[in-house]
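Going in written order, the chains are labelled A, B, C and D, and every chain counts its residues from 1.
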Amino acid sequence: MDNLEIASMKASDINHVLRHIYETLIENQDGALADYIPELAKVDPDSFGISIATNNGKLFSIGDVETTFTIQSISKAINYCIALELLGKKAVLERVGVEPSGDRFNAIEFDPRTLRPYNPMVNAGAITIAALLYDHLGSEAYEYILDRFSLAAGRQLKLDEGVYRSELSTGHRNRAIGHLLLSTQAIEEPVDAALDLYFRQCSISVSATDLAVIGATLANLGQNPVTGKQVFDMTAVRNTLSVMFTCGMYDYSGNWAHDVGLPAKSGVGGGILGIVNRQLGIGTFSPRLDFNGNSVRGIASFKILSDEFGLHTFDPTNRGSGLVAHFFDH
Amino acid sequence: MDNLEIASMKASDINHVLRHIYETLIENQDGALADYIPELAKVDPDSFGISIATNNGKLFSIGDVETTFTIQSISKAINYCIALELLGKKAVLERVGVEPSGDRFNAIEFDPRTLRPYNPMVNAGAITIAALLYDHLGSEAYEYILDRFSLAAGRQLKLDEGVYRSELSTGHRNRAIGHLLLSTQAIEEPVDAALDLYFRQCSISVSATDLAVIGATLANLGQNPVTGKQVFDMTAVRNTLSVMFTCGMYDYSGNWAHDVGLPAKSGVGGGILGIVNRQLGIGTFSPRLDFNGNSVRGIASFKILSDEFGLHTFDPTNRGSGLVAHFFDH
Amino acid sequence: MDNLEIASMKASDINHVLRHIYETLIENQDGALADYIPELAKVDPDSFGISIATNNGKLFSIGDVETTFTIQSISKAINYCIALELLGKKAVLERVGVEPSGDRFNAIEFDPRTLRPYNPMVNAGAITIAALLYDHLGSEAYEYILDRFSLAAGRQLKLDEGVYRSELSTGHRNRAIGHLLLSTQAIEEPVDAALDLYFRQCSISVSATDLAVIGATLANLGQNPVTGKQVFDMTAVRNTLSVMFTCGMYDYSGNWAHDVGLPAKSGVGGGILGIVNRQLGIGTFSPRLDFNGNSVRGIASFKILSDEFGLHTFDPTNRGSGLVAHFFDH
Amino acid sequence: MDNLEIASMKASDINHVLRHIYETLIENQDGALADYIPELAKVDPDSFGISIATNNGKLFSIGDVETTFTIQSISKAINYCIALELLGKKAVLERVGVEPSGDRFNAIEFDPRTLRPYNPMVNAGAITIAALLYDHLGSEAYEYILDRFSLAAGRQLKLDEGVYRSELSTGHRNRAIGHLLLSTQAIEEPVDAALDLYFRQCSISVSATDLAVIGATLANLGQNPVTGKQVFDMTAVRNTLSVMFTCGMYDYSGNWAHDVGLPAKSGVGGGILGIVNRQLGIGTFSPRLDFNGNSVRGIASFKILSDEFGLHTFDPTNRGSGLVAHFFDH
């Protein structure tokens, strides 16, 4: 498909592009389900949905966009945003860096210069954020963050109990990271409570449409464009999008920044959340993962969307910066 | 100083901001000159200049903006852009990755998954790019890239012979990297010619104003806004800016993306080149470096500029996206 | 002092050498007490004792040889020996390697080829051994190993409750290692019981003389030369001495093998246990540690003893192999 | 086969054991030829020979013990011994450590505490030794070390020109290591001369019997027991055997120390040199290598020999210490 002439497009054209992507990629069965816990392998591997929410509250979607799955690592980005707001950037950055690491997401390595986790998108950093939130919010921490996630999605989200129980009983590596964080004083006791919060945040059930609306909320100065409610602090959003851009897609983050060029975060549940600043939130769901732990069809969907609509942050024509919103909004 | 009310600003205000930055930072003598080769330690440590070029060719500057220094690692970004254009993205990415590494710029580590250098901003990646350019251009390679650098700067640049000779005779670590790249077949013989090109590209003399104009050329669809000449391929620019954003500031890249939020590249000669896409090129020069090898005053200058004018790529209000150019242009 | 003419020496000469070592080194106040737990910093930093036990049960000693301190990592060697005996070499080596690692003793790295701890002398390997022993012996495990340690020392040893409680409450890094071992299935639950055994084994109180007698037991085919009781399996002793030789002195192991040339194990409590196969056990105690965690005066004492009596395993004249025992025995 | 009753054995029994080993292992075709240079893959993969030289000059052997092959890394041990003698331990240890590394033999990592190569058995350390020897001996260096190797073998050895040329033209990784050593000032120019010496020393042709006699020379206070000539300095031998014990068998060194328990060095040409201090030199040749780069049949041969004759350095009964020599000598 040639690049679209965007200026003359209509909403019907958007749906046409989404259909094209869906039909092209539904055949692609590459990748495998995450199976480190049995619960994750229970999803329908063929599920596939793409949802787009504009910053004036319109939705475009195709496929299994209401099917729920666990949010997993996508929660790391949202919690980082909440932590910046509640604790301030200075307090957060004393405990977690913002440098890409070059290591696997579950690496048990800290930045040797600071003994802090490299960034809040690797497990060590996300567990540190969970510990900071627990320290600040106490035993209400999980309810609090679930409320914020729900506000961003525009509907009441809930825990996938099966996945949560499974993570709780098998998350030995994350427990190891928690105790290591204690040993370097990056976090404080009670480590079990911090880990419980982390396991819970990862086990929240969402749909592709939820991700799209959460993304649109981040794209829209932190205000949910569907409900009109203010959810996130604007300054915290800026820093969150930066970290998503540099570190959001595991060991593929640099390639993603290079080729897709959008702040995004993936989870091993099969979801990807992407943001076109001030314009769109995009959510995809397809549970087969590549070697890096990213959804195969999700990445392919974003690549086409970015190319078709000029969404790349450093697109030289900046096609996406004004035209897209205009286009999606009519 | 409070954030400026941009809509009502005039060019005189820009000069006011530049003066404010200059006067604030001229007192800062933190950091130390690069001294791994004696030639680099010969510069005046107190030099300090900031230059801004708009994408319609206007210049704003303060301080030592005509003082020349060696471009050093900033050349890596420009050569990556040229290589993408000449050889195509596919051929380049077969030899060099685009992932941040978490390692020092002169690390002798390759991505264990691919045995390729992590990205073109670390020495191993830049030497690979030099080898690809030499392989493509032959013995004219240096003249060719010097011409392209000169076109981007809008004036004829030249080699700092003293620094070049010094690099040539002492660059043992880079020679080691070159031979290691041969051993993994990331590059091919003649390795000495590739290294010579690399040492030359790093020894090109530029001023802060040259960097600003080169930046404006990258910001302006690859066309030099002062001379009107087309210098870089648009698509190559997009990918170059992405890599600068994620990997351009050595081990500080993530922090830079987080706090300044602009594609940029620093060099141990004391320069920093930053880009506000479609709007501005910014060049700073101050030779005292921090632990990461970045200019101390350069980083501080960019932080203030980014905050004052809302230049951060993920600024939620996107203040910078339209207002700045408008403002700088009047 | 020139090398002694051993053939003509008498026991009085041994005492003369010990006195010489003691007087030379008592002035040396280099190093610092281990202080990662407050209890360890409570010892008298000036304590210094050297004890030698021959394989026919004679003792030579000087200084604070009855002062007790916690055995710490020296317990790793003894427990490895016990595990080999109880479980067999095959079962043990399936879980722990025997390769030197080049990493710090408390490194959180496993051998990348096997995902097993590098060797039983690093914490990860020792915790694995503790888990294997707990798995085999159940809740009686600690009593069992305390009995074996006591048999080797020839007197009833006991726990230093203060140090044990302190380790228990602050051993976050070791807990991290325990959970990581669970995650790679190097060990099985209950990890807390294995860690408790590990913390207890490290907190057993011993004196320099205890170490000397334990060493003589290992040197004497596993039979305590003072009590005449058989304590260790001969074949297990052989493998234990090998691992002590290659990995026993933390990151100084290679230098120790090179310069002292004896199987040995040190602990951060300030003890060093050394063995001259079939001849002697040597115990030293002095709590000031060097950067590697080894007793400063302990290392210096062993260097002089090795040089004076030709104890180096690869001494070309093999002076030590027959003469020493002869000499010490008269 | 049960362990032999050594006291009653005769030389005919030795030959019986060698025949047993040969017949058992000749069927084993596991492993693969080294093929990083084409020349190395030209040997007959089925070759197999074992040779034993006693420290009073007797030889016992079976199989292809006169077939020649390149000495490769075994030369590292001999050159370390020569360097200690010529330059003194202090000067050598300023440039090369003696710690096992846990890394591959061709790793491009230095000890982070010292920036020196970990030990003289990894390539970086061996190239440093070659540079020290070149610095000391000048352009005669190769002739000098060839003479020393020949004296130790008891016959004039010579270069395998084909292998040497092949190493010279393809040794990019070793060249990289050489330049890296320059950059850390572990060595000085001319690096090409040092590398040439290193490539030559590795390309010296030897047989299994040569290795046995070299080994017996090391075992016999540095005196060749066949020719009666003094070849190595006794003190240097002690330290060389120590490093062979801890670092001689690549990444299998710890396992070798544990199970075989002899100072040894292997080469990718298929040879293994082992030493029973003051008693025997043992040379094996079989070119199929395991994953670690060690001869498969060579390791198996040494395991049987060590078990049968109690040669393990830490054999508790010390069976090997006196009986073997006695036995082999009658």
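Methods note: a contact is a pair of C-beta atoms (placed from the backbone, for glycine too) under 8 Å apart; a residue touches a chain by one contact, two chains touch by 3 or more.
Since we're looking at a predicted model, the values are computed, not measured.
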item: Touching chain A and also chain C, the following chains; value: none
item: Per Cα centroids, the chain farthest from chain D; value: A
item: Separation of chain A from chain D, taking each centre as the mean of its C-alpha atoms, in whole Å; value: 56
item: Cα-centroid distance, chain A relative to chain B, in whole angstrom; value: 31
item: Chain C: positions in contact with at least two other chains; value: none
item: Chain-chain contacts as defined at top; value: A-B, A-C, B-D, C-D
item: Complex contact set, residues of chain D against chain C; value: 97-103, 111, 113, 118-119, 221-222, 234-235, 237-239, 241-243, 245-247, 251-255, 257-259, 261, 263, 277-278, 312-318, 321
item: Chain A residues touching chain C - in the complex, by the definition given at the top; value: 108, 172-173, 175-180, 182-183
